[in-house]
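These notes open a run of structures that come right after.
Look at the two complexes coming up: chain A is in both, with chain B in one and chain C in the other.
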Partner chain A sequence: MTATALLFALPLIAALPLALSEALDRSAWHALWADPQLPRALGASVFTALASTLGAIALTLWLVTHLHATPAWARLTAALGPMLALPHAAFAIGLAWLIAPAGALARLIAPLAGWSAPPDWVTVNDPHGLALVAVLLLKELPFLLWSALALLSRPEVAASLRAQVALARTLGYAPHAWWWRVGWLQWAPRLVWPALAVLAYGLTVVDLALIVGPGSPPTLAVLAWQGLSDGNVARNAQGAAAALLLTGVLVMLVAAGFVVMAGLQRWGRRRVARGVRGRGFEGRRPLAARATVGSVATVYAGVVLALGVLSVAGVWTFPALWPQGVSGAAWAQVVQSASTVGFTAALAAAASAGGVLLSMAWLEAAPPRWDRRITPLVLAPLVLPQLLLMVGMYRGALALQLDGTVLGLWWVHTLMALPYSFTALAPAWRSFDRRYEWSALTLGRRRLAFWWRVKWPLLSGPLASALAIGFAVSVAQYLATQFIGAGRHATLTTEAVALASGGQRTLAAAFALLQALLPALAFALAAWAQRRPTMQP
Partner chain B sequence: MNLTRRSFVLAAAIAPVAGGARAQTAWSRIEQAARGQTVYFNAWAGSERINAYLQWAGAEVARQHGVKLEHVKVTDTAEVVKRVRAEKAAGRAEGSADLIWINGENFLAMKREGLLFGPFAESLPSYAFVDTVGKPTTRTDFSEPVDGMEAPWGMAQLTFYADSTRVPQPPQNLAELADWAKKNPGRFTYPKPPQFHGTTFLKQALSELQSDRTPLYRQATTEAFGRASAPLWPWLDSLHPLLWRAGKQFPASNVVMRQMLADGELAISLTFNPNEAANEIVANRLPASVVSWQPRGGSIGNTHFLAVPFNARAKEGAQVLANFLLSPAAQARKADIRHWGDPTVLALDKLPPAQRARFASDMAPGQVATAAPTWPEPHASWTEPLEREWLRRYGA
Partner chain C sequence: MSLELKEVSISLHGRPLVPPLSASVGPGEVLVLMGESGSGKSSLLAFLAGLLEPPLVGTGRVHLGGRDITALPTERRRVGLLFQDDLLFPHLSVRDNLLFALPAGDRTARIARADAALQRAGLGGYAARPPASLSGGQRARVSLLRALLAEPQALLLDEPFSKLDAALRGRMREFVWAELQTQQVCAVLVTHDAQDVPAGAQVIELPPGVAVGPVADDV
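Right after this comes the complex of A and B.
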């Protein structure tokens, strides 16, 4: 099984040096340092990624603290699927339209303010990247909540949680006081991988940064992408150098994050040991938390509504509240591309299954020493720019004669889904109580029977969410599909992204809604699987 | 003597025919080999009308020549350049692309790196109608000699457009543009260089500000660049405070600007497709009151092309398709605003009257009323210093 996992890591090992060799060109670094945009672009990248990640983490912890085991929890759980399914870029387009100078908000105010032309607002593409922070935070919050939910809904965690909260109550602590003092001390470290994925995404994201991010200068990820997407080899090298710099910054941020987390844990343990009671008897604030969830859900609903209206809008001059003309042309295009839905879904199902199976094989079989070495490699697709990675992978595929084949496509989609399914599964697997296994083996059960009858059913929640996330990741692949598929296999996303390059907002909105549909189904299935009563230990 | 002279005259009379016949047999061999081939045409697919046009072309070449067209929908031609480059590095003799929609920098890269098949363009039968004299950019792509390594397909020229209800008298040159901006601050801008359209706006300004443009078409030296760009920076310094967000931020691209114009955030936008506004009006995305114009003195223009990679599997099929796309029938449909609205590369006066008649069409709303002269792109060596200096002054 380890060999299988290695087989999948090998193409990456082969692709990385090919991809990185471009970045190690001395003149490329000179050109990068000489770029006057570098300092502010780097600053904007670090600020937007850190602010959105820390904000999303804080909000996740706060919401779970105040909502867990309340009636609102189930409603929140149900709302997460659709939120996760909405593609990032679609969310950005919709939100940008709500707050832009010519958007919904400004049109509502216009009659009162007497505007005949859009106001001089700096609500999107602001130089500090606040709009980008808002989009990232709102889009990553459901992902972190989903990860926390997957963790807390595991039978052994849930049982321990119930017992501890009950104990805390008898000692006179409200549940939220227990969460901050004890609960997160145990479980927040297990959310570290999803949090890192969020940080890596925020630091390297290109499409969102282009839609709502700062423009002059843009973020470093956008500068890297501009260089890498050029046809000119020297500019490619400069882009690769920028991408490598970004990866270095990420590594430093991650290291700093681990140091801070260790410090917080020590501080928390000391605090618990001293028995400081402090404040925290006034009870939870489910109302404030519910209001927060409500406003986030309202923003999402507003975005979906905006996308719906935009997808049929014809001419729509400011400050009209409703388009002057309505057109179904964009949806006609969607219908034309609908023939790709079947292939997209089949490929995504196969890739997410591949990613989950490989993650399971790895988590079951890899010796810890290897685990530490290979894990960063498996996670590489999260942090490396896709353009850089895909050129390397395409060379690998050419060497293996896999270019243009469905097998090659499945292989690359699986590789792209792998880090996500791995981060979704690893916390559950690593913290699985080994005593179940020992008991089963002592009782004379074969390991396979133990897996099939005991372990996997107990872990069905994380498994289902890993499958759903892998599915959504596969559906969203553009460059991977285009490169390894050599342009032979069209998916919903290649169709949508190609059309989106024309910058037609109506088309982008219509396709975004369709693209959201497939993952929404996957997440709904996963939620359904998790709500099924699983066997109690 | 007499005999010799007669045979000489005879030979002279026959020669073109014989040459033509030879060319014809060579071409019919290509046509024969092309039959049954599948051509993977890698072409930007950001416009549903262009995609629909290619669908029509696919049906036609299948019917007329038995060639199957597969449109590989790409967002950026540089992706294809990278793919072919990787294939060459891997020693792949049979590649994934047969025909590429290309020009400028990507063509330059592919030509210099030996990634192209050819020369083939000038031996296509339809090439005889190309307006190589009136449209010199059909033979020089961004100052790089084409040398038959790509076949011209369509024409582009820097064009401005605006809603006539907000801009009743479109500014006809840079000075008028600056005056207009003074009266309407915050309603014009240009994409941030090195985005292609942004750089083109700089080239337009640079060209307009020269009393003699000839140095721009030669290799840029530090001295020549310094001299030519001297009037550009003060002009931009005075223009920028009048632009959208006071010239401190610039939009990412021309398509973003088109949306901003449709939303009313901008009053004037720019494009490289003279028929873009007309197209958008037909598609019900811009009001019919939008008008297009080109600066009266002239504006930067270029040509877009079709190229065949060195390792194309269906080289014959690709040439048959390119020849079809260059034919008067296909060019006329492409130029028709109802289908695409991409200006033709053909010389209409070279065409037989029946073919020429296909190009006649009424002015559609939003089309350029009077075409301005086309100025060629400055030599490619001007782009880099122009972009670098702009970034240094205004980019950060």
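Right after this comes the complex of A and C.
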């Protein structure tokens, strides 16, 4: 048990002081402040993170308010899985092609606008980071919706929600009026952690910023990453200082967020006191909400289609809607990189297995007292800025001589997959009826027999989901692979990002498609495992 | 085989919940524990089964067939346990549920034994069916058969009839007492309902204890 706890906790406990020790260098801070790119880079980071996070939160609240308990809700929840499974980098590469001046959207409207050449617009890598905001918003919206769905589906919450809405309706409140006046006052605070994870991710994301973010100067996260990957020690320290600065900014934004939330709660309670009932549910807003969901789903479908077409495009002049020729050149190069595909899949399988085994060991054996203390640490990578975490973990890997090794990569990918595997497994594991175990023991069977014959088969669904989620998380790792792999090990993600930021569209699209296909395959396998014939009445 | 309780007591956070208790139950006999909610009846059963968990602490000795089982792990005590719910494993067929309980041995012989038990209980046609397709009464019978096929030397019954409707409860009681008699297994029954008490059973009324919630109530 102690060993499991150490595996969980030590890397994280060690990573932060190690990162701080590198970042707390006076000359590094002087160099950072003297960098003329800093103000605009910091501004772009804060703007893109705040705009995407607030936009995703607002859309989540609005969509849940108008669609929950309607037929459209079921369709929305069914669409969330594929949206979540599409890796961030693949989505960014596809969306970049959709909105590029020579991209699919421009080609669609070219006949109407009379364009014979791409418009002189900067829609990707724009200096304000609007493309990055769009990618982050569209990619984090399904995550927040899924978090809200998970919360509202809990039996105790679902029962209370049904009863409260029914009661509110008897008091003359339309359901959406109840959500804004009462519902969100209760449930929104429970969505703070997912929102915090979205903000932390948006503020420190590197791969997406390289693909669609501003170029000169880039976001502060990219500046930090460039410093950290430099061969010069002073530049490394400057990069670590930038990562620490971003963490400080995150802390301030979170503090401000809590103040704003408290204010909104007070304002909400005052609105309750006014007793305004709101109009009926039949209005334009549910229609607009359904249209929004449809638009987001269309964008996702468009991204996948764009990746598919782009990966086989030969000659494709503007403003032709479809390529004039088909080419297998990109896929031929992918085939030559089969070892990268194999390595990505093997690493993801090993990391997801590691994450699930550690989660199972913890859930099975941790005393409740430890469980309460260690669980927040296990979940910490979800809300900690990855950049700072990676600085510390890289220092740890250097000390253990694990940098650049496959073992080191497996270790850091496992740690990144762990919170997701744990989150997927814990509810089912903790709500498993312990009396089954007592029954088995009193029938004279050992625990191992009970786990093998009863518990694991009954929990095969959550286990398969946890494995698939861990696999997808590992496949999508960019910073972790670059830092701990020390640039020696290529995965589909590192290749796709490098190709996309280098402007190799078709090859990047092929790698991005494969990057999306691997997790999709894992989720399909998980769904198949859950649909195996079981004893049904 | 007889079950002996020697000065068995349960405490919660150092405070006594069940006062020291001694009793002996012979083969085919039933010891009935009655008392209010929170009096520690179910905790006492958990102690006998080796399933008592902190903050509850049990003291005293438990002997079964002359051997001291107090320190033995649950799976080696040969003490069966039946709950209010049947707790049949939902992903296994009725027959596989019984096979899970039967001691290791020749597969064909084990299947024959499980099927014979089902036949005797009037459930001959249900062997391959999933538990969810059976009625509540049928599931309760399968649950009892499963407990008995593990060849326990004592059976602990934690309000096993309380979730059955009145007509079914009577039939199930008769089925359980007859099986215990046939197999000469001693039993400890926890119940609130005086009608559950079989003729000639020893009855111990536990004094009101400290209500401790689901641990004591549900174990």
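One rule holds in what follows: the second predicted complex is superposed on the first by the 319 of 537 C-alpha atoms of A that agree within 3 Å, B and C clash if a C-alpha of one lies under 4 Å from a C-alpha of the other, contacts with A are read in each partner's own complex, and residues count from 1 in each chain.
In the analysis below, a contact is a pair of C-beta atoms (placed from the backbone, for glycine too) under 8 Å apart; a residue touches a chain by one contact, two chains touch by 3 or more.
Here the structure is a predicted model, which is why all the values come from computation and not from measurement.
When the shared chain is aligned, chain B comes close enough to touch A:495, but chain C does not. Set against each other, chain B and chain C differ in how many residues of chain A they touch, and the higher count belongs to B.
Contacts of A:71 after superposition on the shared chain: neither chain B nor chain C is touched. Contact with chain C, but none with chain B, is seen for A:457 once the two complexes are overlaid on the shared chain.
With both structures placed on the common chain, the touch criterion links A:433 to chain C but leaves chain B unconnected. When both complexes are overlaid on chain A, the residue A:486 reaches chain B alone and has no touch with chain C. In the superposition on chain A, contact of A:442 is made with chain C only, not with chain B.
Once chain A of one complex is fitted onto chain A of the other, the partner contacts of A:327 are limited to chain B, with no touch recorded for chain C.
By the touch criterion stated above, A:114 is placed in contact with neither chain B nor chain C. Overlap of the chain B and chain C interfaces on chain A: none, as no residue is touched by both. Note for the complex: chain A touches chain B at residues 35-37, 39-41, 100-102, 117-118, 120, 122, 125, 127, 210, 214-218, 226, 229-233, 236, 314-318, 324-325, 327, 329, 333, 387, 391, 394-395, 398-399, 403-404, 478-479, 482-483, 486-488, 490, 494-495, 497-507.
Taken together, the chain A residues at the contact with chain C in this complex read 433, 435-436, 438-447, 453-454, 457-458, 534-537. Chain B makes touch with chain A in their complex at residues 40, 42, 44-48, 51, 72-83, 86-87, 89-90, 92, 96-97, 105-106, 109-110, 186-187, 192, 194, 245, 248-253, 255-256, 258-260, 262-265, 283-287, 391-392, 394-396. Of all residues in chain C, only 49-51, 73-81, 83, 85, 87, 89-93, 100-101, 103, 129-133, 146-147, 150-152, 156, 218 touch chain A in the complex they form.
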